[in-house]
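What follows is a pair of complexes built around chain A, which joins chain B in one and chain C in the other.
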Partner chain A sequence: MKGLRLFIPPFAPDQSGAAGVFCELGGLTVIVDAGGCAGNICGFDEPRWFSSRSAIFSAGLRDMDAILGRDDKLVAKIADVSRKIESNFVAIIGTPVPAVIGTDYQALKRMIGKKTGLPVMAAACDGTRLYDDGAGEAFLELFRTFAEDSQGPQKGLTGLIGAAPMDLGRIGRQELIRACTGASRQGQFPAAEEYLAYGLGGDLDEIRRAGQAEHNIVLSPSGLAAARYLKDRFGTPFTAAYPMELIPEREKILQEALRRENERILIVHQQILACSLRDEISRRRERAGAESARVTAASWFMMDPACMQEGDLQLQEEDDWTELVREGGYDLIIADPLFMRAVPDYGGRFVPLTHFAVSG
Partner chain B sequence: MTGKKEAFYITAADLAAAGWQALPDELVSSRHLIYSSPATLAYNSPGAQGFGVKRAGLAIPGSVMLLVSPGCCGRNTAILSELGGYSERFFYLLQDQTDIVTGRHLKAIPDAVQAVYDCLRKKPSVIMICITCVDALLGTDMERVCRKASACVGIPVLPCYMYALTREGRRPPMVHVRQSIYSLLQPAKRSSRTVNILGHFAPLEDDCELYDILRSFGIRRINEISRLQTYEEYLEMARANFNLVLHPEALPAAEDLRKRLGIPYIELKRLYQTDKISRQYQLFAASLGQTCDDTAEREAAEEVIRSFAEDFPGAVFAVGEGCNANAFELSLTLLRAGLRVSEIFANITEEDFVYLRKIAQISPQTRICSNLEPTMIYYDSSDLPADFTIGKDAVYYHPEAIPVEWSDDVQPFGYAGVRHFFEACRRAAEKEGQAR
Partner chain C sequence: MLKIAVYGKGGIGKSTVTSNLAAAFAVLGKKVIQIGCDPKADSTFNLTGGEPPMPVMNFMREYDREPESMEEISRTGFGGVVCIETGGPTPGLGCAGRGIITTFSLLEDLELFEQVQPDVVLYDVLGDVVCGGFAAPIREGYADHVLIVTSGEKMALYAANNIYTAVKNFEDRSYASVHGIVLNHRNIENETEKVEAFAKERGLRVVGEIPRSQEINTCEDRGQTVIEGMPEAAVSECFLQLARHLLEECVEEKA
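Moving on to the complex of A and B:
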């Protein structure tokens, strides 16, 4: 049944994805909600929030604010905070309430910009979509607003797009850069001398320098739209890949995937991680002289056609998932353990691969 | 406000002098954006910890919940599943972009309820349907939808409103959910020896003297919904002689029961000042034509306070609202015991001014801050270090202090609550002493 979830709780929503992109960049992030959405975003989907003071605010909307469309009141509150809190931009993030009343984000941006004198970005999230949608919109807004014209690429400067806790979990900037450096040395990633880890432990200057990057690496589908924008605007080529080193328990996963009896393997995660893992499995099986396995990548999140192989799947409903497992004949499933609640009769092997956007 | 990069505060003396009618904007949450920090998690996302609407809505034994909402509203429910016993009790009907504008999802609810019912090996007693801000704005008549769904599955289906938009309205979500969970009680033969305790979703501490006091009045059966094991036991609540309301958010539920079933109610407040506790018990007893000898319990509680104040002379407390106490009343208790209160982190209400005025007399420089106020991002605990912090919010602000969250599900009350509170402070100090 459409929308019905009997076993699997909802995943991280678009508003959490957007907030995760803006979180560390020194702006005022305003969740246009009644309070609950901001609490869920921060308390559940943003691990950095517990250890650092991020300027994330709830609009604190009440029923009459929504019914009467009191945008002016929201603008006044934001202007008031912008006078008290040092910030270099305002990011407004939508939720179901503004979606229901049809909030005009372009108008809000203009009004807030006029009152605060700050650059304003908006992510028109509505809580029904998933984190990668929101993060994708936020990355695009960031580069459109702040990326400065460039004189040309700087040799060895590599941008990392799509680095946010939803995909990386609690992995920090240094760990990410170390893993990318390692992948670069092994020839899996393009050669790089310096990284710009957009939105992860960096600042707005990194966004401003995006046009100087010689190459971009897209770590999750949420970064693809921004990567294409940067390619169009600056001609920056990009590669979609995920560093193996960052996959938790990767050796255990690979060891299991290399067993000869595992001929049909299903990987469920965000698409770029799943595809990179599939490539690594193929490489290792080839190296070990094993027959190649049929590895399917499936995701509940964005599946970019350019990265898909034959047989790859986009999951929408819980029924899609149970049917896939029942009919797919998989010897091995590599996925977040939360999914397995819905398929208790699955008799093959299972290796857990957690996804922060799924199980938190 | 003492400078651009400092958190706002106002002293107890200044606030008491200004009065309720002249609250500074910083203490009125509707006049500013709501700062989101771990100290405000209970406010912004009550479902994420403690008893929010979702967990409270499952108070009826054997009930399950269908959350009908955009995915974002159900996201934190995975935390509840980790709490144990909840993972099999939550189900979701996720709304899409068309649903939230057209209300198309309403037609799917009866089928979804049927699917939930069918998938459960052990059939539920009740299915709660939890709806959110979207349906508040759509003006959904969920009572009607529930009746239709109930006709499909043959068991009660009840609405549960997680309307964050109405948090400060006349019937906020936590008031409504309490009304909802008692709404299935039907008229029954009353028992003069039965009482219901309403208000909390977890029981009182086992050694709370209130149980003994009630027994001394001849009460033989004391119902608390969290202690009931079966739906049949829950229905027995309709037989109560009277309801004892321990949380003000349960007053409308008690009023409903008075009107529908003729069960009267009495409100008792959670207090930490022993003289006030005693006074409340005396009035309670008198209202039932009884007397209450609480001398021993009162002396025991006062001895614990005295002993603590002697062992920790002049200890400085920062008290938050994220605890099982009224931050102002608890602060007054501490001050009256000879201890010090440097700060109170709380949203002050008009009723709190009764305590505030007394606090202002004893400790005029005590600072009042609002967790929700944006400049709290600049809060610096080194400005005013504390020895003890009470409540999750105060604990967040003062990492240097001895933390006493005092926010367990099991509820402190009366003299037992007082004793346990000071014992918890002492234990925390001893633990920190070992650690430091």
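Moving on to the complex of A and C:
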């Protein structure tokens, strides 16, 4: 039945994804909500909230704010906080309340900028879309606001776009860079001498330098819109790929995927990880002289048409998932264990591959 | 691109002025879009022979989905004017202002401006600026100029003042500014003087005057503007003059 879920929980909404992008950049993030959305973001969706300093506030909207459209009050509150907390930008993130009353974020940006003297970004989230949509909007806004004009690319400088816990799990900056360096040595990624890990343990200077990158690597679909923007503006080419080293228990997964000939395999994750894993399975099979497997990539989140292969699909309803498993005839499923609760009758092999946005 | 929002008291003749202005721009060789932002959805009646397009809100109510192409929610009227009506909720229910915002966001998704490449966009907005939704047409990226339609009647001027004040309050939001007043004559005593005085007090100008005219009514009965139905009539020239003025002055103001 449309919209009915018995086994799979609801996923994090767009405002959580947007907040994750701004989290470590030293700004003042304001969730324009009545209080609940900010609570979920900090309490459930953002693991860094517990271990790092990040100024995230709720606008604390009340009935009369919605009725009277008291934007000026919100602006005054933000201006007050900006005097007390040192911050280098203000990010306002929408939620269902401002979406319903049609808050004008462009106007808010102007008013806040005038009062605080700080650059202001806005992500017009509405709580009806998923985390990757919000993260995508936030990455784009970040580069539009801060990427500085460039004299040309710096050799070996590589940008990493789309790095946030929802898609990478609890992976830190050093671990990410180490994995990308390894992938570069093995030829999975382009050659690189220095990395800019946008939004993951870095600062705004990395965003400002984005125009100097020789190449960008997009780690999750939420980085694709920003990568396309940077390509249009600076001509920076990009590759959508995920470093194998960061996939937990990858050798076990790969062993299982290479075990038999002519299998039907289903990988369910964020699209770029799923596609990179499929590529690795093909490479290893080819190296071993084995017949290539038929691997389908599926995701409950964004599926960018440019990265899709024939048969890949986006899942929306729990029924889509149960039908796919029942009718697909898969010999091996590689997915977050949480999904398997919905398909108890599946008789093939299963290898767990956790996804923070699903079960984190 | 010249983008104008037309405001004024309910029943003052906003749709008549807007659709005649759209027709006048079209006759002057401009590609025009007219967007009716009123739940009554009758703004483009006189551009479409009395058969305006299916309003966006009606479409969503009837089909329970968003439109996928401009063809589903627009009609091309006199002079090639692309006509769109936002429509609104069932009277007495829902939120009409939110409907306008949703429509604008949909039109953006459907890349209306990129597809039509208009020279002029006219927003015909219901009554006063009563809430955020009714200010949507003057938000950044939409109309750059506001025209206030009024007669010399007290309540029409009262509404005009409300609109003027609301738009002025939006200055720090970088919204549209009031370009001027269009006097739609009701033939009350000292009408021109009253409206001139009102405009002067607020630093505004009367940029167009539409005389009370039977020709307008006759053409409206046929679902036409006077520009289409009686192009030789004196009142048609008034609309053409206003269109020429706006093309000259608003484009200059923006530059």
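As a convention for this text, the second predicted complex is superposed on the first by the 358 of 360 C-alpha atoms of A that agree within 3 Å, B and C clash if a C-alpha of one lies under 4 Å from a C-alpha of the other, contacts with A are read in each partner's own complex, and residues count from 1 in each chain.
Quick note on the criterion: a contact is a pair of C-beta atoms (placed from the backbone, for glycine too) under 8 Å apart; a residue touches a chain by one contact, two chains touch by 3 or more.
Nothing here was measured: the structure is a model prediction, and the numbers come from that model.
**Student:** Will chain C clash with chain B on chain A after the two structures are superposed, or do they fit?
**Tutor:** fit
**Student:** Angle at chain A between chain B and chain C: what is it in degrees to the nearest 10, using CA centres?
**Tutor:** 90
**Student:** First (chain B), second (chain C), both or neither: which does A:I101 touch?
**Tutor:** Touch partners of A:I101: chain B and chain C.
**Student:** With both complexes overlaid on chain A, does A:S58 touch chain B (first), chain C (second), both or neither?
**Tutor:** After superposing on A, A:S58 lies in contact with chain B but is clear of chain C.
**Student:** Regarding the shared-chain residue A:F11, is it in contact with chain B (first), chain C (second), both, or neither?
**Tutor:** Only chain B is touched by A:F11; chain C is not.
**Student:** Looking at A:A293, would you say it contacts chain B, chain C, both, or neither? Reply first, second, both or neither.
**Tutor:** Neither: A:A293 stays clear of chain B and chain C.
**Student:** Quick one: is A:A227 in contact with chain B, with chain C, with both, or with neither? Answer first, second, both or neither.
**Tutor:** A:A227: touches no partner chain.
**Student:** Compare chain B and chain C by how many residues of chain A each one touches, and report the one with more.
**Tutor:** B
**Student:** For A:K114, select first, second, both or neither according to whether it touches chain B, chain C, the two together, or no partner.
**Tutor:** Only chain C is touched by A:K114; chain B is not.
**Student:** Could you look at A:G39 and tell me whether it touches chain B, chain C, both or neither (first, second, both, neither)?
**Tutor:** first
**Student:** Quick check for you: in the superposed arrangement, does A:G3 touch first (chain B), second (chain C), both or neither?
**Tutor:** Only chain B; A:G3 stays clear of chain C.
**Student:** I want to verify one number: the closest Cα approach of chain B to chain C after the superposition, in Å.
**Tutor:** 7
**Student:** Between chain B and chain C, which residues of chain A are contacted by each of them?
**Tutor:** Correct list for chain A: 100-101.
**Student:** For the complex, which residues does chain A have touching chain C?
**Tutor:** Per the stated touch rule, the residues are 69, 100-104, 106-107, 110-111, 114.
**Student:** Which part of chain B faces chain A closely enough to touch in the complex?
**Tutor:** Answer in residue numbers: 4-5, 29-38, 40-41, 43-49, 69-79, 81, 87, 90-97, 99-101, 105, 108, 111-112, 115-116, 119, 132-134, 136-138, 162-169, 372, 374-375, 377-378.
**Student:** Over in the complex, which chain C residues touch chain A? Could you list them?
**Tutor:** Chain C residues touching chain A: 97-98, 101, 131-133, 135-136, 139-141, 170, 172-175.
**Student:** Looking at the complex, which residues from chain A come into contact with chain B?
**Tutor:** 1-6, 9-16, 30-31, 33-45, 49-50, 53, 55-63, 66-67, 77-78, 80-81, 84-86, 95-97, 99-101, 126-130, 338, 341, 359-360
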